[in-house]
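There are two complexes below, and they share subunit A, which is joined by subunit B in the first and by subunit C in the second.
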Partner chain A sequence: MTATKVPDSNVSGDGARVALSVQIQRLDRRTKIRAAVVILLLAFCLLLLPSIISGYYVIAMTQVVVYAIVALGLGVLVGRVGLVSLGQAAVLALGAWVAARLLFATSLPYPLVLLMSGVITMVLGTLVGLPALRMRGLYLALITLMLAGAITTVLETTNFPNGGNGFLGYNGASVQPPAIRRPSIATSDPGFLRYSIVVAILMFLLVVWHLRSRPGRAWAAIRQSEASALAAGINTTRYKLWAFALASFLAGVAGGLLAGSDRFLYSYDFQTQDSITLLAVVLMGGVYNIWGAVIAALFMQLLPQILNQIGVSPYWLIVLFGIGALQVLTTAPAGIVDQMPKDLARLGRFIFRQFRRPAPSEGGAQ
Partner chain B sequence: MPSWQDFQPFLVTGLALGGVYALSGVGMVVLFRATGVLNLSFGAVGAMGALIAWQAINVWGVAPGVGWLICVLFAAALTTVYGLIFGNALAKRDPLVKATATLGFALLLLGAMDLLWTTSGGAARSLPLPTDNSGFSISGVTIDWTQVIGLVIGIVIAIATTLFLRYTKLGTAMRAMASDREITAMLGVPVNRVLAAAWFGCGVLAGISGLLLADLVALDATTLTFLVISSVAAALIAQLRSIAVTFVAAVVIGVITSMITPIQSITNYANMTPFVLAVIALLVISGRQTISLERGGI
Partner chain C sequence: MIEVSELTVRFGGVTPLDGVTLTFAEGTCGLIGPNGAGKSTFFNVLSGFVKPARGKIKAFDEDLLSMPHFKRARWGVRRTFQTEQAIEQLSVFDNVAMIHEHSALPRTTRRADTLEAISFVGLDIDPDRSVGTLGAAERRLVEVARAVVGRPRLVLLDEPAAGLPEAETAHMGDVIRRIPEKSGALVILVDHDMSLVSACCGVTSVLDFGRLIATGPTAEVLRNENVIRAYLGTEMIDETAVTA
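Moving on to the complex of A and B:
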């Protein structure tokens, strides 16, 4: 028995080795193709897109870029660490407030302001998360839901800075408040869109770097089982806090871009509901893949503008997002980024079969 | 600083609101204990019930009593349907996933309400109860019967729920399910029927609180949906366990939120009360508790 088995297994071992090397080559080719596609896509977005779309969509796309950064942070939190924040859009509003205040108060270069608003928002966000992080995940979700309500309440009272004096920098509802300044290299709308895309690329790289190094591995361990992560010597509270800080930092930087993009900020533009909508689209986009963040942002910021153009109520989207979030949570946890290629392949096979099926029957008839 | 005289009417409003928050909070805690689902769509379901009652009374012309009944039954039916479909589908998932799913449901209802009852250009809706117009006064403070109902119903529900869970067969079954669903099923408890009953009860409470809050606060989808934050804070302070603590915390939140109103310097921040109290409570609780160990994630 064993004698006949040995050569067999040897052959299959060789076969496996060959198959493996072929697979590696194929994988290599696939990553190369993927990298090329990503670079082409980015080049297109950076160089061509801002100049070929109308002004209306330039503004919409800038919003998409801003929300992609926020969605990325939330995606890391939900998908990689297993924490849920129900107040991330409110943290974005906080970041926008901080950035607007800094932009009016100082003449610091724009990238420095982005960095500062990121860091300040990170500190504020982390302080809130701190008491909840040692508790069950549900508690953090609930406390951030309340945080969203609290930030909305505060912003309704303080309003956004519009060139006034004092700590709040609010000038009353003045007739013509000065616009929030933009970086000198990107004063036009298309220019600012390009600028935002560059910042977004840097933020995506920051996240990729996190995921590929120590924190990413720690998060993966925590997500699998907090008990075994702890047993393996991972300081779970510290790494959870790190993830929360990273998400807040990203929201703060995105807030800085939002301030420059909108140029006039009003508190009624930021509602508690936005944070929940954001979570729904992030879930729909897909939390296990960083590209899910882009899909989420397109859903949240581009679709309403398109619907607006064709005269459909944006509330339909809220209904859709609710259904989408339920569907993702019950049946497809990896979101559209994972589901779409599968569904497209299925659709492709289906169409292919539809075209193929009549042929033999025709042949049979003849 | 305003005098005590100025605070008195706000104390009454606060107690009434606190009672309704307690009603919602107790509803959420009981459902959480029986099914492991923290129902964050509680407010949205109540809001939709109240809007349908408004529609029935003002547009279809049914008698107010029938309208209120429609509100409660609709909320109960909606919650039960959700519970039977998604409560079961997500039964084995993390509590965080279950809670997030109810938010998806809340979003769906919010969008539907905005589509069906658009606010732009229309006059503000209201759903007055006949108890608003009659009342009595204690040392110069007028108290109407709706406010009395708000507090009393909170107390009644809190006590009734505690007794129900302790002494009835259905209540015992719910407590057993909270401990272990599969063992409960093995002991011959009709698990699905008990689950449906828990969801139904939660829905009835959502309908009642929607009706009362529409009267006490405003008949507005978004406002009513997010009023649930006050009840969530109360439930959180009670660590999603104790009905008595939920009740007390809800009343305290209602009273503080309301009592801040006459204080000029911080009146605008009144709505931050649930957040501030919950954070303080969490600081106290987390100081005493060891790190919990459970599998998280969506």
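Moving on to the complex of A and C:
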């Protein structure tokens, strides 16, 4: 075929086509580089990271992976659909308990349990999303926060699914519950970290697939203007519930991983304020980019462990996250994931200039 | 053909539309009037955001008012808004394709129809570009492409050229004029720019305080004394006197 031959760029008629093909090639190259970086990073996290960090950080990193999945769901709600939920940590708690019960009561394979806890939590979490059909913004945030509070209060006061055997598993308040089982291929901590990373990759792919297809477009329309979405023929009720269903499914799967990671669940591990912290870190990480969820999870789960290690109380993070969220919302609404590359590039250019122009002869007055 | 009969809308003590009886036959029809005359309310009734207190609308022999909003879109009602509503987060292609995928049209023609609508409005840009990076005129054209993709039957354009410079307004007029022959849709154009209305619309109707005060061939309507008094103002009288 002659079509593969690059035409002479001097031929004016073909100029546009050449420009287009160059553009495609360049785009392809950029995408290729990005894909390569992502794959290398994932391979590092999957193969090397679990073996080189200490046991303490293996557990911390598993928590990071779990919360990245939850943060991803919340990011979809806030960034793509424009619905603010302050109940996602409570939905995670639901997922963890559902998974724990399934793991105790049945001998189903672990992946199936993850899927089932995702689906059951999806149904429960969508109920949390029902008020979103009638309200947005502050009121929706308040209602979801109240629901989260209700969930954690019920769990704490009844001490209900406190980890005994069987499907209901209630074995009194003081008995040491048995450990939650892990998948047979990932019984060690590093193994379970790897397992969690693989699940997280699948969840990220699920979200990317959503964002690039019909629901993603419908969500973007709803976020921009509900009136124009309705005029475009979008059944806004269905797509809003769909977003809550997806976020809850993710929290359910993440809960399943959390149950296996912690091995013992206690109701006091799930605090209502975690939902607020989660929203703050998700905003800081960036809600318009899926990688923002990873940054959010690092903030929420790794930073406290680092502070613990160096002897600083992690409670200071509440203050830090408050300031961070304020700073991000006022100066970088797309979050750190968007701002950091820009700042790094600016820093790079600054350093480059310093080295290139050591003499203050030109523009030195600055 | 859209037949509106005795259409009345009430918001509390206000009556933005008061017994309007009006027919839009075919092609591109103008709908003008001062601010608050009821033009946007009329569009909101057609797209289903506002329920009228009284009246009927027959659109191509179907009862439009009995359809829920998303069904109207599927049936073929398309609209643009006074404040431009192209979706910033999405690409030009996705903006237009989205309308197609919610219009009960075959999936197989989506790509071709979308690209055709983009080229129909004269957007000579990469369809994968994000709408957030486009200028005002291009965004307005994306909105019009959204309104004409696939098989529209009733296209409502609410000040599609507001804020655009002269050359871009002329291009917009050119696009609007070609919509009926491209798709067979009936177009209703609301605008304050009389040169655009004259250039696009054979027939124009005028609303004032929710009532129809004139309807007929555009040139005649613009010379109508009631219209000049209610809407166009005395400057326009001088202008029409000069051009007459």
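Observations
The rule we apply is simple: the second predicted complex is superposed on the first by the 310 of 366 C-alpha atoms of A that agree within 3 Å, B and C clash if a C-alpha of one lies under 4 Å from a C-alpha of the other, contacts with A are read in each partner's own complex, and residues count from 1 in each chain.
Keep this in mind: a residue touches a chain if its C-beta (ideal position, glycine included) is under 8 Å from a C-beta of that chain, and two chains touch if they have at least 3 such contacts.
Everything numeric in this text was worked out from a predicted model, so none of it was measured.
By the touch criterion stated above, A:L347 is placed in contact with neither subunit B nor subunit C. In the superposition on chain A, A:N235 makes contact with subunit C only, not with subunit B. Of the two partner chains placed by superposition, A:I185 touches none, neither subunit B nor subunit C.
Note on subunit A: of its two partners subunit C and subunit B, the one contacting more of its residues is B.
Applying the stated contact rule after C-alpha superposition, one finds that A:A218 touches subunit C and leaves subunit B untouched.
Look at A:L205: by the touch rule set out above, it reaches neither subunit B nor subunit C.
Touch criterion met: A:I276 reaches subunit B, while subunit C stays clear of it. When both complexes are overlaid on chain A, the residue A:A227 reaches subunit B and subunit C alike. In the superposed pair of complexes, A:A35 makes contact with neither subunit B nor subunit C.
Shared interface residues of subunit A (contacting subunit B in one complex, subunit C in the other): 223-225, 227, 230.
Residues of subunit A that touch subunit C in their complex: 23, 80, 214, 217-218, 220-221, 223-225, 227-228, 230-235, 288. Across the complex, subunit B is touched by residues 78-79, 81-84, 86, 128, 131-132, 134-139, 141-143, 145-147, 149-150, 153-154, 156-157, 222-227, 230, 236-237, 271-273, 276-277, 279-280, 283, 287, 313, 315-326, 329-330, 333 of subunit A.
For subunit B in complex with subunit A, the residues that touch the partner chain are 38, 40, 86, 89-90, 93-97, 99-101, 103-112, 114-115, 222, 225-226, 229, 232-233, 236, 240, 268-269, 271-272, 274-276, 278-279, 282-283, 285-286, 289, 291-298. Across the complex, subunit C meets subunit A through its residues 47-49, 69-74, 77-79, 81, 85, 87-90, 94, 97-99, 101-103, 126, 146.
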